[in-house]
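In the part that follows, the structures are each spelled out as structure tokens.
What follows is a pair of complexes built around subunit A, which joins subunit B in one and subunit C in the other.
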Partner chain A sequence: MIAINTEAILETLAFVATFLLLPPLLVGIIRKTKARFQNRIGAPLLQPYFDLMKLMSKGETISKHTSWIFRSTAAINVSLLIILAFLAPWTSLRPFNLGADLFLVIYLLALTRFFTVLSALDAGSAFGREVTLALLVEPAVILCLAAIGSVSQTSDLGVAFSFNNVSLINQPGLWFIAGCGLFLASLVELSRMPADDPTTHLELTMVHEAMILENSAANLALVEYSHFLKILILLGISSQCLLHAIPFFWHTSQLILALASILSIMILAASIAIIESVAVKLRWTKLPEFIAYSVAMSIFCVFIALSKNLN
Partner chain B sequence: MILDTFEALAMVSAIFAILILGTTHLRTNLSFYSLHTMAIAAVTAWIANITHEDHLYLVAAGVFIIKSWGIPWYLNSVIKKINIGTDGGAFIAAPLSMHLGALMLGLSFMISQQIPGLIGEPDSRLGSTAAMSILFTGVLLMLTRRAAISQIVGFLVIENGIYLFAVTQTHGMPLMIEMGLLLEVLVAVMVAGLLLFNIKKSFEHIDVSQLTELKD
Partner chain C sequence: MNCFASKWLVYQTFFQLSFANAPILERAMSLAMVGILAFVGALSLACFTKAVGIAFLGRPRSNAAAKAKESTTSGPDGLILAQVILAIACVMIGTSVPIALDGLAPALRHLTHDQFVIGSTLFPIPQGQLALVGGILVSSIYLFVLGGRSGDVKSYITWDCGFGPLSTRAEETGSSFSHPIGRIFSQILQLKVTTEISGKDRRHFPESVRVETFMTPILETKLYRPIMGLFDWLSASLVRLQTGSIHIHLLYVFLTMLLLVFLGTNI
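After this line comes the complex of A and B, so read on.
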């Protein structure tokens, strides 16, 4: 229950403001870091906000052959991801716990992809590659989160990630491996470099871009914004796993924790940029090899959970 | 289950060994092997710290210098000279063999629960789990890969597994034996490297599955 007092209201406002305003900044950080790596000055950090505002004021072009699904997908996705931001444990500062079942979180994410694919189908864009990747990466995400859930004896991610769960306090190995696995999986889920080049202009090599080619103006702004929100949530979950691996954060104050979780999301965003600068996009047939690493991490997580439950 | 530091390090080395299985890119294999051996050197140093057996520090330094720097560096230079970047093709696809390796880790956990005599003081079942899983990983590497250089890496991984088993169960052998073993491994890798040059020269490939065909 939400107690009606000013502190709770302030916390809630801070939480909502964070998840509404932070995502474009993350993308700004990624782009700026990449630019610095390529010896360019790069666009300012706040450029994604300006881009979104510019897109909002443009005139929209809609294909005559599309139906209401194409029009409403962007709005559906943004609202689904806002619900997810309330549920998923992407930051340690959550003013209230609504009870986030791990399968609910995973399949709300899958539902956003379902609608994106549906709108791509409606507009006649290519969507097969994204679906293939999603299929390969889903077991990794489920197994990592399920291992954490089974050690903490609950499927509620809000309880498992709450920093006061005694059964998880001495499990740095589990948290660290789960964090690595989820980070590798989110690279694929977010269509970042080893799986997909987000800056490509060649339709044959696009994975995520290919699905949103038909969107324009306000619709495109919403699609982009929902992708940014997804970056925040997925990176947030993996950074929370990594934070739980460090014993220091179990005995510290709420404020430091909240700052650390925001900072660690930014560090992960910067590390995505570094990966994108030093690595190349993998050949399509080599991608299962990359995803296998994240699945292997999740299998290790399951083993740790099993050995914990056996003893 | 609260892990001892050396058991955690042993598991880290087992995990790095399994990650070797995941790619057929030889340079990546060698860097994973290097990390894996570094973890084993750290296990040795930590056991020296616990048991106050000072000669184990020397062994750890030897493992670190010879096995985790010297051998990967030498094999890297061999790869560069014979100009082969990736393993031609594995008998089992690389992702699949990595998952097989991960399952082997679970299997060796179950086996080491059954071995009598391990559950003494100190309880080092996780150390033997890691050692056995490294053994299995090395066997998988040697069985599933075609390129001769992967066979060498597989042999080295098996050797590391046996060494880890010895060091976690008996807390180290005498210094002379350890040094002799290190030297033998070094010599074996040198000879195998030279052999690789000759195989490459006379067959123009290093695919071990085709070495049965006679050729002059």
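After this line comes the complex of A and C, so read on.
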């Protein structure tokens, strides 16, 4: 049994509060930064919260061609991502160590995508392109994480990402490249700019937005929230990699680390907005070239991991 | 779930090899295998999504499909029951992987010559508990967030981009689902799209539009098919040697004997 003391309860509360409340704020940050880049004042930072609340009180419209899968997908995805939030090492403050196996994390992510695509197909709509993107980035994500795991000699990401793992302490290169590779991969995985324009209203170019066209009201709120949670988790993992690259954070207190990890997620969100402001959406056939950067970084990680274990 | 367990074991094998005390080439190969497996995993995700989504979801594409039922001549209950039993077996194995692995342990001990292999410790992920927690979460979210308001759910047609109701032909089909993948891997899949537009002033007011897509997987047509053809040809021509006739068989025996006698006398 877990020993009950005030510190543990506080940590748990802080953790749950973070993963419940932070995701919409991240999207707020992205939208605000983009607005400032376009010389607009933009919606307030807390607008995504208001949007979610508004959606919760709306009446729902669903397509008459759907089955039960369509309505349960949102609930399934939110719960899968909540489980992931407890497992994956997206922040340095993890009150529970549940054993976040690398491949389990990746496959849970894949499962959410499976259900999202199914719900889109269920409505009989003509969109469902997201799987192709996933196909291309999957090797990069797995290889980056596997390289880190290989150096720390465990596939448990919770152990590999904890700040007292001696085998990873002097590997800023590995951590930095893995962080960048994962960040690029998550841009694609989250359907952000070079792969997909999240603000487009042209069905022909939509990727993620096209799949949630049929959702409305509370259902849409859940879908949006699960997407926000996914942003939090994926950005969290890459920001953790980048934090590990800075030697300072290895010798500092838990509190600073926790604050730094939240701050770094916000910085990454802002940098997504900057990328989206200066980059254009790539043509479908050009995407593999972009993903190749991410794959190349993951291969570098693998080389570093191989040479680390040489002696 | 049982599939994930077996896949996890394969991944884990390669992953463990990558930091084991092995030659560098083997370790590099093992990480490369992890990458390839990840790619295959994502491909199979696309494949399963396609199989489930296209076959079971969406609208029926023809009248015949709309009225499809299980065959009445072979006992519909039996057909469904068999699938249910298989599904239950999958879930059972998936939630009790350690027990299943314990059953396999004797074979593993024999193969690895390692007396200390314990099946139940090979797979540490509590899949059953995870599935349980997930199930509880899903149903509670469904009940509290979505279920309470099923009163004010309106039903309407699928979004049609403003063109009027979509016909079933506009739905995602098997080939359109895999089209983007074909586009990206057009080097090895040889995707060709031909469009024919006919009619007066055909640019803006076409009378009929005809689009055809061809996908010729280059590996299959240019590499595997010739090899398979070679074997087909070989077996077809070899079968002439042995047609099952006892006379020809005796002739072979006689000729071989002659050859042996000839060789024996001359060498």
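As a working rule, the second predicted complex is superposed on the first by the 307 of 311 C-alpha atoms of A that agree within 3 Å, B and C clash if a C-alpha of one lies under 4 Å from a C-alpha of the other, contacts with A are read in each partner's own complex, and residues count from 1 in each chain.
Note that in this section a contact is a pair of C-beta atoms (placed from the backbone, for glycine too) under 8 Å apart; a residue touches a chain by one contact, two chains touch by 3 or more.
Not measured: the values here are computed from a predicted model.
> Just checking: does A:Pro44 make contact with subunit B only, subunit C only, both, or neither of them? Give me first, second, both or neither.
neither
> So, does A:Ile83 touch the first partner subunit B, the second partner subunit C, both, or neither?
Only subunit C is touched by A:Ile83; subunit B is not.
> Figure out whether A:Leu306 sits in contact with subunit B (first) or subunit C (second), or with both, or with neither.
After superposition on chain A, A:Leu306 lies in contact with both partners, subunit B and subunit C.
> Of the two partners subunit B and subunit C, which one touches more residues belonging to subunit A?
Residues of subunit A touched, subunit B against subunit C: more for C.
> Is A:Ala296 contacted by the first partner subunit B, the second partner subunit C, both or neither?
It touches subunit B, and subunit C stays clear.
> Between subunit B (first) and subunit C (second), which does A:Pro247 come into contact with in this model arrangement: first, second, both, or neither?
Neither partner.
> Does subunit B (first) or subunit C (second) touch A:Asn170, or do both, or does neither?
After superposing on A, A:Asn170 lies in contact with subunit B but is clear of subunit C.
> In the superposed arrangement, which partner chain does A:Pro288 touch: subunit B (first), subunit C (second), both, or neither?
In the superposition, A:Pro288 touches subunit B and subunit C alike.
> Could you tell me which stretches of subunit A are touched by subunit B in one complex and by subunit C in the other?
Dual-contact residues (subunit A): 288, 306.
> Quick check on the complex: what are the subunit B residues that touch subunit A?
1-3, 8, 11, 15, 18-19, 22-24, 94-96, 98-99, 101-103, 105-106, 109
> Under the touch definition given earlier, write down the residues of subunit A that touch subunit C in their complex.
Its residues touching subunit C are 56, 59-65, 67, 69, 71-72, 74-76, 78-80, 82-83, 99, 101-104, 106-107, 110, 113-114, 117-118, 121-129, 131-132, 134-136, 138-139, 141-143, 146-147, 149-151, 153, 155, 203, 213-214, 217-219, 221-222, 284-285, 287-288, 298, 302, 305-306, 309-310.
> Which residues of subunit A touch subunit B in their complex?
Against subunit B, subunit A makes touches at 170, 173, 177, 288-289, 291-293, 295-296, 299-300, 303, 306-308, 311.
> Could you pull out which subunit C residues touch subunit A in their complex?
Its residues touching subunit A are 4, 7-8, 11-12, 15, 18-19, 24, 27-28, 31-32, 34-36, 38-39, 41-43, 45-46, 48-49, 52-54, 57-59, 124-125, 130, 133-134, 137-139, 141-142, 145-146, 149, 152-159, 161, 166, 168, 170-172, 176-177, 180-181, 183-184, 186.
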